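Below, subunit A partners subunit B and then partners subunit C, in two separate complexes.
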Partner chain A sequence: MLTLKNIKDLFSNYKKNNENNKPKVHIKNTLQANIDLLRQELDNPSDLVIREFNIKDYRCAICLIDGLTKGDYAHDLLLKNLLVDIWTTDKIREIHSVDELFSALQNQFIALLDISVVSEFDELFLNLLSGDCVLFVDGIARAITIETKGWVDRGIIESSSQTLVRGPKDSFNETLRTNTMLIRRRIKDKRLRVESRQIGRISKTEVAVMYIEGIANDKIVKEVHERLDRIDIDGIIDSSYIEQMIQDHPYSLFPTVHNTERPDTVASSLMCGYVAIVVDNSPFVLIVPGLFITFTQAAEDYYHNFYFITFIRLIRFFSLLLALLTPGIYIAVTTFHQEMLPTSLLISISNQREGVPFPVFIEALLMELTFEILREAGIRMPRAIGSAMSIVGALILGEAAVNAGIVSSFTVIIVSLTAICSLIIPSYHISISIRVTRFIFMILGAVFGLFGVISGLVVLGLFLCSIRSFGVPYMYPFAPLNYEGLKDSIIRFPLWKINLRPTLISEHDRVRESSDKKSNNTGGIA
Partner chain B sequence: MIENTKINKMQLYILTVVTGTGSSMLYGIGEKAKQDAWIVVILAMLGGMVLILLYCWLLKLFPDATLFHMFENTFNKYIAKVISFLYVLYFAIIASHVIGDITTLTSLYILSETPEIVIEIIITLVAMYGVFLGIETFARFGILVFIFIVPLVFFFFIGPILSNRANFQQLLPVLENGWLPIIKETFPIIFTNPFGEIVVFLMIIPYVTNNKKVLHIGILSMLSIGVLFLIITITNIITIGPTFIEISLYPTIETVRGINILNFIQKVEGTAVFLFLILNYMKIMLLLFAASTGANILFNTKNYRKYIIPISVIVFVLSHLSIQDVVLHFFIDTKIVPYAIGIPFDLGFILLLLGVYYIKKLFKLKIKQ
Partner chain C sequence: MKRIIKIILAMIITLTSLTSCWGSRELDDMALVSGLAIDDHPEGYEITVQIMLPRVAASEHAASSLAVRNFSEHGESVFQTIRRLIRRLSRKAFFSHTQVIIVHEDVAREKLFEAMDFFFRDPELRGDAVFLIAKDVKAKDVLSILTAMDPITGVSVRKILESMQKYFQANRDLDFHAVVASILSDGIDASVRGVTVKGDLEKAKKIPDSQESEPMAYIVIEDLAILKEGKLIGWLKDDDIKGYNNLIAKVQNTIITVPCSETNFFNLETTRFKNKYKVVEENGKVKVKVKHNVTASIGEIGCDINITDSKEIKRLEKIFAEEFVMNSYRTLEKLQKEFKTDIIGFGEVIHRQKPKLWKTLKDDWNKHFETLDVEITAKVKIDKTGKNTNNPLDKYLKK
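The block that comes next holds the complex of A and B.
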């Protein structure tokens, strides 16, 4: 009988067989055959460089993809070395067979760091297309791949999405090696692990999982690896692909994986026991577990006086609530509960609304949508027309719309307030969730008034409390409550008071700071 | 993955306190005792502590068991089933009552033109969602609520004083009519909201980590509820006076209505309704959870979630019936619930359980001898 399970088995067997039956092409014995095969498989592209030359009487060839290799490596170190410099050694005169030449190439002649020997074309192609040089020797059915990766990248410039006033200004770029370097430079501990793998059947993107052994929770690390193993996709274009594939709650509106462009944030997260996922070709490094609190913290929070930061964080949480609820509450109050407003305010609002043809909900919705359109246009448009945009936004849609009596100026104030409040949130990631949720609250406010808003808040709160990121409750350290975690949440304690790492994220080795502040720092000239 | 599916003692404390609040926060307690209502609160709190002692005694005899397991262990199988079934109904009835309370409040203060049935449906749906997510989730949500609620409650206490509306003279004379009216008022309050419904406590104990020692949590939550109600009662008395408390439906709302600080912070009764709504949402979720886990134990099944929908429907229908007549609802609330439902379920069956347990033990001893 052909049941559903049978069919599924059939398919998976078919898939497995297909993968296993793929013939492995071995490297041929003759040089010409290898070059022909290479040309044929790649269809002789214009950026494929093949240079044939002789060492003594033995025919050799170097193949590389132009643009992916560091020019001075391939030319100065490799080619010059093999053609010119080896004649200055005595060793070359002792070579009498092709095998001797091959082992000498491996051990002596190539003055570059990372070389390896491959015998199959699959591996060879991967190396070649990642930017390595391949060296064939006639008569040997193997090839040497020499690491010469190097291409033009953006360099380490200032972060454009997460800016700050004080603190390190460097940010990640699109090269994985640069990114891991930036992290390593900040953590010189032997326990810092960098575990790489390739994801993507076609793109074969390199992904590195970084964590500090002994500080990071083993279960989280294991879970990250398992989830990465499960990804089966043709290509990874950006780290956000990985993020979407490893999220705990795929349908959740709220992000459960944090991302950042700043190496200092990654380094401090690693030292708290978080796990970082660095993806090649993406300047955004993922940090898991992503908790609600991590999205509300900026890197700069640790570089300033703690009184000031506590103040800023209070403002931030308050504006987060405002960004979420202001339009909804405004609609609810003006539609259903006018009696809740102080009398003078009520009179001024109703004066302004005189002559406005729409109900408050439509009016507010119109303005909110307009603002969202403006914001999206501001991101997508070419930079040069920025000033025209702001004129349209500020003058026509704000001033003129009020003067024309389409919207009341109070609604404009409310919309701009929400806009500013949603911009204060450090992570763009959670601010877009809040932008979307805001519309739900507006609808609830319009239909059920404050009762609807409150019921919506209860549902939202329950939802946020129910989701987890890699097993850690999303609302940690508020719910479940954790005293150590609370020291760095809405308020920030002085650094010398945050003694332990967060419990649920880091299991062992929890001491973070143990200097005795009272006895220190009192010396000096006096 | 990392945490087990249990709640900790802090969450238990919050759940218990939330159960204790609820509708009495609105109606006020001990209004017949006039300006001595605060004495009623203290006495009722002591009574509630006695109940907690009884419950913890039970927990010592039957560790790691819900109330229903205790019945099954002690009574004849069928009697245990009947009593358990009655308890499921009891939780459902209280839940329906709470829904009725907040529906009336909502339709009186913030949604006067929306049909009550719509409000009830929304409340029931939201509560169902919470129960579906599980006790862990809504216990965690309780912490968030608590963080926001505690400052609000203190604001409602300080507000009338800052608005210069408080008159401490209204607390005098103490014991104007002697102890009798106080005792008369205290007795039913012990067995109803805020102190009586803590019997739900016995249904969630197996979900608590280290549940051997919960006595201090129980006493602490009783104390917290007591202090909370003391604050509310005294604020009500000094702000609007005992006479007005007696004739108004929601004295607390009337008190909050009077808050006016610098002509800016005024008309905050909407915020007060907000507070009661959220607190009661928590309470409904807890009661629905108790009822559905109860039904789960009663019918010997694996997952309590399949009972959420039927029980919610029953609760919804009961609540809709109960608010058809506000006066009747109020009458049932004050005259029938404490005596007909509160006493047997909060105390009667518990005492029966203890009695039967010890009699059985005595018989076993005698047989052995």
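The block that comes next holds the complex of A and C.
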């Protein structure tokens, strides 16, 4: 029987097997043995390409995985070089032994940037399966791996989940190197650190931790590394795997790790002292610590006039509250506190409620659930039936349900309002949390009235203030209150007024802006 | 730890299901009361509630169909009678949105306290319902008048009073809470607006007046009921309400008219009306000085006068100041001699300005009020003359 103890034993055995019983296989001396072993280990897959050829009298072979290498690198720079171009050099005539050939190959004949010599098959497989070419020479018990990684990717296109009107339009894609490049292009400081590691026993996914030394808090960087070290999983399919594994409060509804598709957001976060985690195969870069305030800020917030952005942010916080509380308060007021409504509003709501067969709570719950279903369907369905969906959703469910008297139109208004309000929040991440929390508030409102809603708010506030992300209080800069941090929170000060980086996040170098006000700009051309 | 979580979860689940949402009430289980009328009845009281019909009131046909229904019941006490109404209503009456409470003058004369106790005690009823006393007609008749503009009578009456309060005549105690507060206070007695119905009452009950361009019957707010120690003792007529308004200075924007010839009038629209009260003691006698500070603009000129001339304006100001003072004195005399009731609140003024003196007067204030020495002065400032300078029809007026 498979009991918990059995499973635990299974795990420990498995770990032992993995760690200890792994003999290292060295590369053989003969070419044929190496190729045989390669074929045997990979079970001769159809995308394995092995090209054998001679240089002088020495037998060589290039192995690569089709599709993972850049074609022109493998063909033009490597193969053509070795078969044709080396004969134009004098060096080839000076080679008289296989060792001389091997060192010449290392030093002279391969016109590609990144090459290395490996002597073990494990390492060789990793390189080969990452897209490198492997060059065997008969009689040498080592191999040269040549970096020729290159495959078809999406290219750098506009972000689909975090769009903006003004500002850089590029976004990350699934290639780690492209992503680090996009960040590097924005920060040319030598202190920018890129520390890579592989996570995932089977997937062997490359994960890069990026931060700016001297600005980022050392403790946070150390904590990130430690948490990444602790991950022991078979595969990392997306950066969200990492996020879930390193979160402070794994059971919390509210996210404590920020993610973004936008390199400009990452660059500005790095310069504030945040730490970024770039994961191969994922266009979403993680940013830690993830604070409540970071989820409510959009990249565009820094590209427009601060008056306008302050206005927008006020609207955003207001709609955040609306998205969270409107259905709950609606239920509470219409079932417990009818005296709170202005008379004419009461008459109008009351009119719509006439003949509706369900209590307000059931009615609102039905509509909210319907909307959640619609939204989920909208994401999952094939694009082509999108318009059919919107007709069914808007017309049939909304209009017809009201006409049939199953729901009141006021409830429909409430539901649409909350739906729109939850979409205004820049981070999809936190809007999910709010969508779920809303149902809790609806139940509280239905059972205890406004008393329940307010108690729920108190508990929520206490919870949010109690959690931390990588040691930083989640509600910073509101709790603990920090004046410098408040300059970029609900209101956004002009850029030249936000002089210091956030206290708890950046440690040493805290001056962000120190120009002598904008007064000298006013003279100008006139 | 897991045990505790389990226990807490179990508690939450049972608690939420056991409460069965105590106190929750669905909107479609309530009969919304918009107005309440209390009449005298041999048995005790006759109580009429006006129930709003939201389905009609909120629809576009509100004006042409009945948006309200009145239900009457009689019984020995107010609460008992209201409960009896349940026999006639399919839903429980909900009083929080009561707009207006109308009490018949007989009830107000004899047993106002007894009738009002329920409303003051019941937490459901809001204190901001307008309080009126029906004059010459039954209180329930007022609620039965249907108006075109506001299909709900309660709302309609309330709106009439609210705009009167702003632009015409104000009274001190508009809503239920204020009336009770005045009754309870030592230095003031309550004054409540009277309401009556003019026109053909019987016809008006049947059809909403929107079917005729001229209403068959209509509600009129007139006169002011004086409640001495919580009992109706008499009515202050419309003429005297002018003086009452001056003395309480609650309405900022109103009209004052002075004849300038036998048939013609000057009209002044006040834009600011403030009173200054001062209590002085002269030779052991208390004296209250009241000064009306009025800013006004010219509203209408019926006679030939050159208003571009500042001297003429000065003259006008003087005439109007005299008018204000005269009105105030006349009303005051009536209150002191005829009703012997302080509805202006001179007692409160003394209380505020001379608390020690007030202690000696408090116990039989109404006696002291009868002989209270009041000096009234007025200062009128005309700061606007309107769009015209002189009357464009001057040359005809001269003839």
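FYI, the second predicted complex is superposed on the first by the 506 of 526 C-alpha atoms of A that agree within 3 Å, B and C clash if a C-alpha of one lies under 4 Å from a C-alpha of the other, contacts with A are read in each partner's own complex, and residues count from 1 in each chain.
Heads up, the rule we're going with is that a contact is a pair of C-beta atoms (placed from the backbone, for glycine too) under 8 Å apart; a residue touches a chain by one contact, two chains touch by 3 or more.
This structure is a prediction, so every number in the text was calculated from the model and none was measured.
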> Is A:459 contacted by the first partner subunit B, the second partner subunit C, both or neither?
Replying inline: first
> If you stack the two complexes on chain A, which partner ends up touching A:473: first (subunit B), second (subunit C), both, or neither?
Replying inline: first
>> According to the stated criteria, A:335 is in contact with first (subunit B), second (subunit C), both, or neither; which is it?
In response: second
>> So in the superposed three-chain picture, is A:348 touching just subunit B, just subunit C, both, or none of them (first/second/both/neither)?
In response: second
> Of the two partner chains, subunit B (first) and subunit C (second), which one does A:250 touch, if any: first, second, both, or neither?
Replying inline: neither
> Looking at the overlay, what does A:449 touch: subunit B (first), subunit C (second), both, or neither?
Replying inline: both
> After lining up the shared chain so the two structures overlap, which partner does A:359 touch, if you call subunit B first and subunit C second: first, second, both or neither?
Replying inline: second
> Which touches a greater number of subunit A residues, subunit B or subunit C?
Replying inline: B
>> Output check: A:219 vs subunit B and subunit C. Expected answer is one of first, second, both, neither. What do you get?
In response: first
> Do any residues of subunit A touch both subunit B and subunit C, and if so, which are they?
Replying inline: 336, 339, 448-449
>> Under the definition above, what is the set of subunit A residues touching subunit B in their complex?
In response: 217, 219, 223, 333, 336-337, 339-342, 448-452, 454-455, 457-459, 461-463, 465-466, 468, 470-473, 475, 478-481, 504
>> Touching residues of subunit C toward subunit A in the complex: what are they?
In response: 16, 19, 21, 23-28, 30, 32, 34, 52, 54-55, 57-59, 94, 96-97, 99, 124, 126, 152, 155
> Inside the complex, what are the residues of subunit B that reach subunit A?
Replying inline: 1-3, 8, 10-11, 106, 110-111, 114, 118-119, 122-123, 126, 129-130, 133-134, 137-138, 140-145, 147, 263-264, 266-267, 269-270, 273-274, 277-278, 281
> For the complex, which residues does subunit A have touching subunit C?
Replying inline: 334-336, 338-339, 343-344, 346-356, 359-360, 443, 446-449
